[in-house]
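Both complexes below contain subunit A, partnered by subunit B and then by subunit C.
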Partner chain A sequence: MPRILVVDDSSIDRHMVGGLLKKQPDWQIEFAEHGGQALEMLAASQPELIITDMMMPVVDGLQLVAAVKKQYPLVPVILITSKGSEDIAVKALKLGAASYSPKSALAQDLVETVQGVLAVSSEKRTSARLMSCMTDAHCSFVLNNDANLIPALVDYLQEDAQRMGICDEGERVRVGVALDEALVNALYHGNLEISSELRDTDGKAYVALVRERTSQPPYCERRIHVTAKMSPTEATITIRDEGPGFDPSRLPDPTDPVNLEHLGGRGVLLMRTFMDNVIYNETGNQVTLIKRAASGTAENEKC
Partner chain B sequence: MPTILIVDDSSVDRRLVGGLLEQDTDWNLEYAENGRAALARLREVNADVVVTDMNMPEMDGLDLVRAVRVHYSDVPVILMTGQGSEALAIEALDLGAASYVPKSHLNDSLRNSIEQVLGLVRADRTYEQLIDCMTRNEFTFLLPNDAALIDPLVDLVQQMVGGLRLCDPIGRVRVGMALEQALLNALYRGNLELSPDMMHQASEKLLSEGVDLVEQRRTQPKYRDRRVFVEAHVTKEEARFVVRDEGPGFDTSTVPAPHDAHALEREGGRGLVLMRSFMDEVRFNDVGNEVTMVKRREAVPDVPPDEGA
Partner chain C sequence: MLMAETKIFQVECEQDVLIVTPLRNLSSLADEDIIAEWETVQQQLTVSGVRHVVFDFHNLKYFGSTMLEVMLLLWKRIRPHEGRLAVCNVSKEAREILRLSRFDTIWPVCDSRDAALGEVNSQPV
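Right after this comes the complex of A and B.
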């Protein structure tokens, strides 16, 4: 029995929307008078769907959409739009609202819109439930020197790690920063052999050299090899480039605060801080990043 | 339009940082003069990133990082570190900050760092290009007895098989069907011990009576704790699947031979026939509660996987 939360500051509108929805025998309708109250109710338990007015006191429709998207990404929001709120509605749709229904056409449109959104979101929920039953994942990638692939790969790995319960929403960004640093390093320093000093001193020359080497042997023939192993307790990600490597013993000591001032050691410092273990091979062209699940987060208990 | 909250007790520094971030961005900038004011501001605006100074009166950068971690755990914090605040910054990085920029490098690094962090917050991305770079994908699942999970799992496997270009779109559908049959078998016949007939009715949802029996068994102690174990290995050369249930198994000598036409007629034979026809190898263990299926690479013209799927 789907629960639907209707958020509107006008009691007349709440009554009207509620009346339309109550004709569906198995929908259970709840009400909130503004976004703030809606968020309080969401914290206690989440409905299958939210229908919200745009203009409200305390927390308006736009703020509600933003907050729901962040905190309850699986709960879809449908906007009720009226004359004068079109611009905010477009913003809210961009922010993540699932659909909208114009106030002037609620009687004809609302129920059908809700049905459509419920169908899609139940599919997403099932898929999320499936993923929470995953106990082990192992994948390998071979990338050419295309920086555009890095964000997608980082996102893919973050998603896997979060799904397994290795990191929560907050840790997710930190794991992402560490992976991003390691991949950028493999691409520019490893495969293309371009120093970070050049980037910091002469940005234009740096960009030109990157472009040149991306199509010049031997640099352009080199690949980045990525292997990720994930379980509910640990993620191990190995990143290897085909460059000449470096002497890992010369890396700045990340525990020495003085090194914070040197940009060159920043990537290594971030990797060391955000991961539980960072291991270089002897030739310095391969790094293994290990992240362990924080104790007490047993995401996989669901199955 | 991302919102960046800048926290610094010096009005000159706030203006400096704001100036750096205003140019050529559509970022919405918000300001606070210490950690306490920042927390108050976070209650009012949905900030995407917080950029903070370390040394401040009222509440310093370290305490701010600590508080954000607790109350706004999805909002990343970037530290601006200066001489004298290094030790504090290291501690803040340990506690939950997402990145840092030395004050002496704000000009050339602050924007990049914010962009990096913004790019790492949850985004709806497509993995199309990335899947082309994948060379191997393996996973295991432990599923409860819920038929609703079968479709998404079959979808996922079809995507993997398609992404690694193991077979053409039709071949992909056939792999999906074989796996679906193996999963239905494990769930209904294996774990819930339903007869082929009941299983057929349940999967087609023809008889509400049949569905009730499924519901009953799913909650009975004898059956409810059983799981379906699924292992998939897909490389560019082959796909290998192991599906195991926790039921009593069955007599594998009754499994029809690969090209036994009569099996098509036999009760419950359909699933096996499909599995046999669509996979290159289908093997049962002796007990009959585990099946291993292998699909080898089909010669596929080297074109991108079909866009229509």
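Right after this comes the complex of A and C.
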């Protein structure tokens, strides 16, 4: 029986929303008077769905959406919007709200909206449960030098790592930054052999050289090889380019005040900071990035 | 005053401050779309009276080294003319990236656009 938490500081509106939902015999309805109380109830146990008003004391609808998205990402939130609050609704959707229902059309829309969101949410929960049963995942990619593929690959690997329970939302961002830096390095510095120094001294020459080498052998024939191995405790991602490699120990320390104004070296700094281990091969054309599950992260919802 | 509405950098001018609002993260400065918009941003620096730059990151949760390079390149352009650069509305993750790269030691990181505008306008160079 799905539990639905209705959050509204107006007892009249709580009663109205509750009345509409209670017509569904399978739904169990609970109430909170503001976002703060809702968060206290969530800490004790999570409902399948939250319906919230926007304007409330203590913790308002936007703050509640942000907190739920961060702490309970599998619990969807539906907003009840008033006329004139469309901008706030857009903000809430950007923050991660699942849907919204205008207050003026609750009687017509609310039950249908809840049914739709519950169906999607149920699929996500089942998928999360299934992923918690996975013990190992392995995938490989061979990319040409197309920078447009990098964000999609990063997103895919982030998603995999998060589903496997290796990282939470915050760590997902850090893993994404590290992977993006490693892939960009493999493409521009590795396969196309273009130094960031050129960008520093002559931006137009840098762009022209990128264009030229993207279609010029041997640079254009090189590929980026990516393998990812995920387990509930660790993600190991290896990125290899087909360039001549480099000596990472010779990179200037970008945090040294002397080097602060130079363009290069920061990508490797971010990789080393955001991953648990970053290992280059002897040639310097392959980097292995390792992220270990934070204590407790991989223990969630075990199969 | 809104100068240009684009896909990657929204650019506005407020008195002598160029306000750059990145709309998405950047992987490189070699992408065709990015190059065109990057040129536009740089051209705004030549507009008469523009002296300082504020980066407003309210649209981005995080960014990487390419965005840092963009900021660095603009800062290098304005510094000889006694220009200042400030950053505002950064997420926790973006603030961490600025701290790691030590750019928070040379650019004020402000909680709001108003605070960033105040920062670039009020302090002596």
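One rule holds in what follows: the second predicted complex is superposed on the first by the 265 of 303 C-alpha atoms of A that agree within 3 Å, B and C clash if a C-alpha of one lies under 4 Å from a C-alpha of the other, contacts with A are read in each partner's own complex, and residues count from 1 in each chain.
Just so it is clear, a residue touches a chain if its C-beta (ideal position, glycine included) is under 8 Å from a C-beta of that chain, and two chains touch if they have at least 3 such contacts.
The structure presented is a predicted model; accordingly, all values stated were derived computationally and were not measured.
**Q** Is A:129 in contact with subunit B, with subunit C, with both, or with neither (first, second, both, neither)?
**A** Touch status of A:129: first partner only.
**Q** By the touch definition at the top of the document, which applies to A:174: first (subunit B), second (subunit C), both, or neither?
**A** Both: A:174 reaches subunit B and subunit C.
**Q** Which holds for A:267: it touches subunit B only (first), subunit C only (second), both, or neither?
**A** In the superposed model, A:267 contacts subunit C only, not subunit B.
**Q** Examine A:63 and indicate which partner it touches, taking first as subunit B and second as subunit C; both and neither are also allowed.
**A** A:63: touches subunit B, not subunit C.
**Q** Looking at A:188 after the superposition, I want to know if it touches subunit B, subunit C, both of them or none. Which is it: first, second, both, neither?
**A** Touch partner of A:188: subunit C, not subunit B.
**Q** For A:143, decide between first (touching subunit B), second (touching subunit C), both and neither.
**A** first
**Q** With the two complexes superposed on chain A, say which partner A:151 touches: subunit B (first), subunit C (second), both, or neither.
**A** Both partners.
**Q** Once chain A of both complexes is superposed, is A:207 in touch with subunit B (first), subunit C (second), both, or neither?
**A** second
**Q** Check whether subunit B or subunit C contacts more residues of subunit A in the superposed model.
**A** Higher number of touched subunit A residues: B.
**Q** Of the partners subunit B and subunit C, which touch A:87 in the superposed model: first, second, both, neither?
**A** A:87: touches no partner chain.
**Q** Based on the A-chain superposition described above, do subunit B and subunit C contact any of the same residues on subunit A, and if so which?
**A** Of subunit A, residues 148, 151, 170, 173-174, 176-177, 180, 203, 255, 257, 260-261, 263, 266, 269-270, 273 contact subunit B in one complex and subunit C in the other.
**Q** Taking the complex as given, what residues does subunit A use to touch subunit B?
**A** Where subunit A meets subunit B, its residues are 63, 66-67, 70-71, 73, 123, 126-127, 129-130, 133-144, 148-149, 151-156, 158, 168-170, 172-174, 176-177, 180, 200, 203, 255, 257-258, 260-263, 266, 269-270, 273-274, 303.
**Q** Which subunit C residues qualify as touching subunit A in the complex?
**A** Going by the criterion above, the answer is residues 25, 27-31, 35, 61-62, 64-66, 68-69, 72-73, 76, 92-93, 97, 100-103, 105-106.
**Q** Can you check the complex and tell me which residues of subunit A touch subunit C?
**A** Against subunit C, subunit A makes touches at 147-148, 150-151, 170, 173-174, 176-177, 180-181, 183-184, 187-188, 196, 199, 203, 206-207, 210-211, 254-255, 257, 260-261, 263, 266-267, 269-270, 273.
**Q** Sort out for me which residues of subunit B touch subunit A in the complex.
**A** Interface residues on the subunit B side: 46, 69, 73-74, 76, 81, 83, 86-87, 89-90, 93-94, 96, 98-100, 102, 104-105, 108-109, 116-117, 119-123, 125-127, 129-130, 133-144, 148-149, 151-153, 155-156, 227.
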